[in-house]
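Order of writing sets the chain letters: A, B, C, D, E and F. Residues in each chain are counted from 1.
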Amino acid sequence: MAEEGRLKSLDALREKMGLPEKGPRADGRHNDEIRPVSIETGFHRPHQVLISCGDTKVICSASLENRVPQWRYGSGLGWLTAEYSMLPGATDKRTQRERGTIVSGRTQEIQRLIGRSLRNVVKLAGIGQCTIHIDCDVISADGGTRTASITGGFLALYSLIKASEKRFAMWPIIEPICAVSVGIVGGVPLLDLDYKEDSNAQVDGYAVMFNNGRFVDFGLSAEESMYTKEQFDKLVELAQKGIDEVFKVVVGQIEMIDSNYS
Amino acid sequence: MAEEGRLKSLDALREKMGLPEKGPRADGRHNDEIRPVSIETGFHRPHQVLISCGDTKVICSASLENRVPQWRYGSGLGWLTAEYSMLPGATDKRTQRERGTIVSGRTQEIQRLIGRSLRNVVKLAGIGQCTIHIDCDVISADGGTRTASITGGFLALYSLIKASEKRFAMWPIIEPICAVSVGIVGGVPLLDLDYKEDSNAQVDGYAVMFNNGRFVDFGLSAEESMYTKEQFDKLVELAQKGIDEVFKVVVGQIEMIDSNYS
Amino acid sequence: MAEEGRLKSLDALREKMGLPEKGPRADGRHNDEIRPVSIETGFHRPHQVLISCGDTKVICSASLENRVPQWRYGSGLGWLTAEYSMLPGATDKRTQRERGTIVSGRTQEIQRLIGRSLRNVVKLAGIGQCTIHIDCDVISADGGTRTASITGGFLALYSLIKASEKRFAMWPIIEPICAVSVGIVGGVPLLDLDYKEDSNAQVDGYAVMFNNGRFVDFGLSAEESMYTKEQFDKLVELAQKGIDEVFKVVVGQIEMIDSNYS
Amino acid sequence: MAEEGRLKSLDALREKMGLPEKGPRADGRHNDEIRPVSIETGFHRPHQVLISCGDTKVICSASLENRVPQWRYGSGLGWLTAEYSMLPGATDKRTQRERGTIVSGRTQEIQRLIGRSLRNVVKLAGIGQCTIHIDCDVISADGGTRTASITGGFLALYSLIKASEKRFAMWPIIEPICAVSVGIVGGVPLLDLDYKEDSNAQVDGYAVMFNNGRFVDFGLSAEESMYTKEQFDKLVELAQKGIDEVFKVVVGQIEMIDSNYS
Amino acid sequence: MAEEGRLKSLDALREKMGLPEKGPRADGRHNDEIRPVSIETGFHRPHQVLISCGDTKVICSASLENRVPQWRYGSGLGWLTAEYSMLPGATDKRTQRERGTIVSGRTQEIQRLIGRSLRNVVKLAGIGQCTIHIDCDVISADGGTRTASITGGFLALYSLIKASEKRFAMWPIIEPICAVSVGIVGGVPLLDLDYKEDSNAQVDGYAVMFNNGRFVDFGLSAEESMYTKEQFDKLVELAQKGIDEVFKVVVGQIEMIDSNYS
Amino acid sequence: MAEEGRLKSLDALREKMGLPEKGPRADGRHNDEIRPVSIETGFHRPHQVLISCGDTKVICSASLENRVPQWRYGSGLGWLTAEYSMLPGATDKRTQRERGTIVSGRTQEIQRLIGRSLRNVVKLAGIGQCTIHIDCDVISADGGTRTASITGGFLALYSLIKASEKRFAMWPIIEPICAVSVGIVGGVPLLDLDYKEDSNAQVDGYAVMFNNGRFVDFGLSAEESMYTKEQFDKLVELAQKGIDEVFKVVVGQIEMIDSNYS
């Protein structure tokens, strides 16, 4: 009943805002529609961002450390690394904390993606012998936590760089980045899957992109299934549409951070 | 200057609210004064609580699992256990995530205290063969994170039990609990130390109590120092005063949770 | 000089075999040309395969275990899982053995890809409560070890299933699978990168496919770079071409295994 | 029968030594009576101490290392750290050895207490860039192992410092320290609980003190129970009485060590 | 000077006891002479043995557990396993505790030898579905700790079995066992090496034997050296002589344990 | 039937080669006969050796690292260390990979033996501040993997040293080494046990030797059994015979490596 009430109020909101008729997905979205994205920078600490993509909420933090990993000594280059974690209470069934033990393959794969993506937007020669740490902690998980982490992580990074600008010989950020998820559920290509959709997906993927259709990372995996070239192309198209929507929110946040420092 | 501005606005607030003259501590508090406590229940997940004690912020979650640890099989008793963690961005200097490695002694000591304290308020025979998990994740650390975790953890627990009430043959909560920290800095006994005070404390302690002066847990440790029986007694007195203040906020939250379920 | 000699003999071979003029790559390949693939099934143990893609050599083994992981009990479904490892001597500079420590993110990511890919070709309901283990141990590493592992792993799997056919109520393999790598080096899209090319790639990816252009997994990551939609499309096209070449070798091996068991 | 025999011989001893009538506890002790304490310094190695508190026996060793932990480099200060361990055969039911795995929270809590307590008696500026290691290995466990470890650890430390005196610019020991346990069993406050009493305690605590009523560490935890301020005060009083008794033995040992080195 | 004093008093003792002239080794022993062996059973716990071989002292404990390892379920056979550990203070330079980390190869090799040796003296079918744990903790290390552990471990085992005799359908001990070390130092074959001799040995070995020259385990390793068949034979002869000496002490202890239980 | 076929073809081979009548062992060998040994150097990487002893196959690699372990700094001496591992598919029942966890005692014992043995053939002062790594990876296991690893490891080492000869001030290899296994099965002393024999052995051992009967390492362990001095002497004799056979193959390989570099 709680679920029913939530959906009703989404309908009312839709009508009030003069939105087009609701789509066929369980929460009333159209197949090519993302969930509402909202971002709060300076959440409780200076470079801490709370990003919400529907009911998915991630706290992203950026920190600067005055050293680089040992294998990077003397290179003149900085480094950027990311960690991803779920708060145990972020899911309906409690998720076990990954500590005192090996970190799961899923977690490692996600944090490697976040780090690799964000290294594409920073000139590592421009930050000196420093390491930037991006920490993404999911406090509520409803699908799309990895892509929300990349988008939120970028803004935490931007806030940190802006605040530390004077330390760097040049402005080290190349351009903004954001990410969305795509997938195929019941044979239908969808944009920005929530947890229930994700659990039933035959194909599951993500795109990390710069503005204007340039790619940074892209992946598309079948789960006990396969996909044709036509479906592949459709998912790429959906991803590009979703990226455009998310960029609008990201750009608004960048302006806000800039105005705080001018 | 940011710090200076923050303190000035605290002064203004004090005046506007008709508060007594400010005390000798760096943030204007008197020695027997706690920082403002605010609590948000149902933060982003049903039994997720955000507790703020000044700039210390902790997310506390409670979850119910339909099994008990192996050593508890067949006992007819439930179990309650707690985990405590710092988000890496919670501190000025990034805190390393405790994973892929042993959990530090400090963390273990704190989470053992939280679990032991909260087991004193639950009839473990009343919850059947279930485990209650309390997860305390610090998102901003400014001293007193262990005591904030106990108070916030109690409210997450209360919310979970209230929502699951019908599952239990009897109401399993004995009575509310809360906690405060005390210490001696520069020879002066203080209530509710912030991070800077805590770093310079000669003596550092906490009290976990029920209402009306009954104790659940109490600890007082000198750090390259010692304390007399007079100082000991003064710190006990401060703790009792602090507990009374925190209880006012806790009781308000209990009423709110109750009203949500009536 | 050893290197020079090796390249000369490749030229001679090319001429002798009436091959088209050599291409612009360091080893004489054209940009859309794969390295020679050869496969030896029943290497030293029954379902042990040695796959060579140029100087990359991987031993792939398949084993059947009469139980499933705990989370799969009572599901009626089997499971397939893969492990990937480098022999320390497989690289010019010795690679440290991953033991007594956490497994690296790279290794985990690769073995998750191998397992996910191969689960797409097996009806898990058709193998009963069994686990199939695919072990891929690289004995010489010259780029493309993950894709060689998928192709070789498929043949080890096929050999195991063929030998155990009578145990299963139905033939559980859906169809053959294979994989190739692609990438962009110095702005040029290339098929099947060797180690030197891979180390200098701006974009690095792989495709795992069924026959006839149907996809199972696809990934494309920029490394401190980005790629346009045109480059993206070109890499997809190269991958499809490479897959067709590798399939010829795979089909030949399948016929050989079949003939051993008829 | 063995137990019965043991108690009888305690009665005989009591009579022979002209001791007051035996008390209400299972072993004939009064509620405010400690068990016999005996200490053997130079047990089998130079700074190895065997301390017995009733049937609790702990081997305490002190060693000096010519370096400090990395975070202490260049501080001009030394460090003191402690480790606590149970020999597997120290308990009726074999205790599992803590190795190849994480150290339990209980062990960590105890060894942190021992280290913190003993750091209060050493001028860390007085020992130069050295680390003192205190190792406490329980060979027979009958309650009060943590407090016996502190007392025995102090004497091992004293013996080490005395033997190394010439290395230090000044005498680095501030003053002697010792520890006792207290608790409430069946509503009755008791001093120095044995294992059976400890297992049934509603409240369980310890005091670490200097001579003349000055405190170093104090803790009091309810176990599924609580305690009033009156009980709290009574336990503090018992602790002070016990500390006075233990000090008599400690002082005797100090004199003996001193005489060995004069 | 302390060392010199110790050796002088050994000389005096030798003379007083009418012993033959002292030998060429640093402590006055002849090449085929073992150090004094003494054994204290029921050290501080019922099946705890303190064995001394010169300045090497090991606490050996035996415990009985009412279950077998999982791989032994339903076999009708019991199991015996051993653990070996050094107290950190057992050596002149503190030995790091093996915990929170992997157990060293040396430790594993030694405890596998102890377990394997003692399994040869127990009928595992005769102890039912039980596990016997032998724990050997070195409290002072002066060479020969592994062989002292086997001899002491046997007596702890014997004491445990004697006390539990009624639980078993038959007497499960086959016959007594003991062990000695041998080695070559400066080209000279020696029996029962102390730490200084062991550190300079070219060849280092041990024998574990039943009475009357029957072998259970034998090992002989060169360290950056080699040995001839003649040296090999000489070391076997020395080992047999040493075993005969140790057996005298072992047999005395067995009689004492037997008399305690008759 | 496959097994039967294999044995028949061995018989045919035996006849064709004019071999003496077949012996009493399951594969037709006499009690003092080793299995065929073949060695392939430069397997797929320069200093990679594939050694086959019957159906036991081990890949041995040697690598040179330009540093020594920390405890060896400034000693002027190099170091040699070995690692041993089983590919999971090397056994009929899949062997679990030893990673992300502690390395088993068996593995540690074997790799310590390989390292210790090979250190006896290298002048560690002659290789400067370098570490030689010997990696032995079993790809098919049929008994005798540890001794095959020593023999194969020596040839990988020889190949590496020969190729790096110019780096060293002197030729650092002292002399060739090889190893064989021996044991007692059903009361009969045997040379070079295969897996089935090894599983049923009462006594199990190995010898590592130089040419002409000089020993480097020797071990002989009873498994729930014991052995007499006569059996001991017989096993030593068998080992010496086996070593002579293996040396013939080793010497041939050395000549081949030498000729590649002259």
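Everything that follows uses one rule, which is that a residue touches a chain if its C-beta (ideal position, glycine included) is under 8 Å from a C-beta of that chain, and two chains touch if they have at least 3 such contacts.
Owing to the predicted nature of the structure, the values given are computational and were not obtained by experimental measurement.
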Neighbouring chains common to chain C and chain E, by label: F
Target chain F, source chain A, minimum contact steps: 2
Rotation angle superposing chain B onto its copy chain D by C-alpha atoms, nearest 5 degrees: 180
Mean-CA-position distance for chain F and chain E (Å): 30
Whole-Å gap between the CA centroids of chain D and chain F: 53
Length of the line joining the C-alpha centres of chain B and chain F, rounded to whole Å: 62
Residues of chain E engaged with two or more neighbouring chains: 100, 102-103
Topology of the chain contact graph, where touching chains are joined (line, ring, star, complete, other): ring
Going round from chain E, first to chain F: chain order: E, F, C, A, B, D
Touch list for chain E against partner chain D, complex: 43-45, 47-48, 55, 57, 59, 61-63, 65, 83, 85, 87-90, 93-94, 97-103, 133, 135, 137, 139-140
Touching residues on chain C, where the partner in the complex is chain A: 102-103, 105-106, 108-109, 111-112, 116, 119-120, 124, 210, 213-229, 232, 236
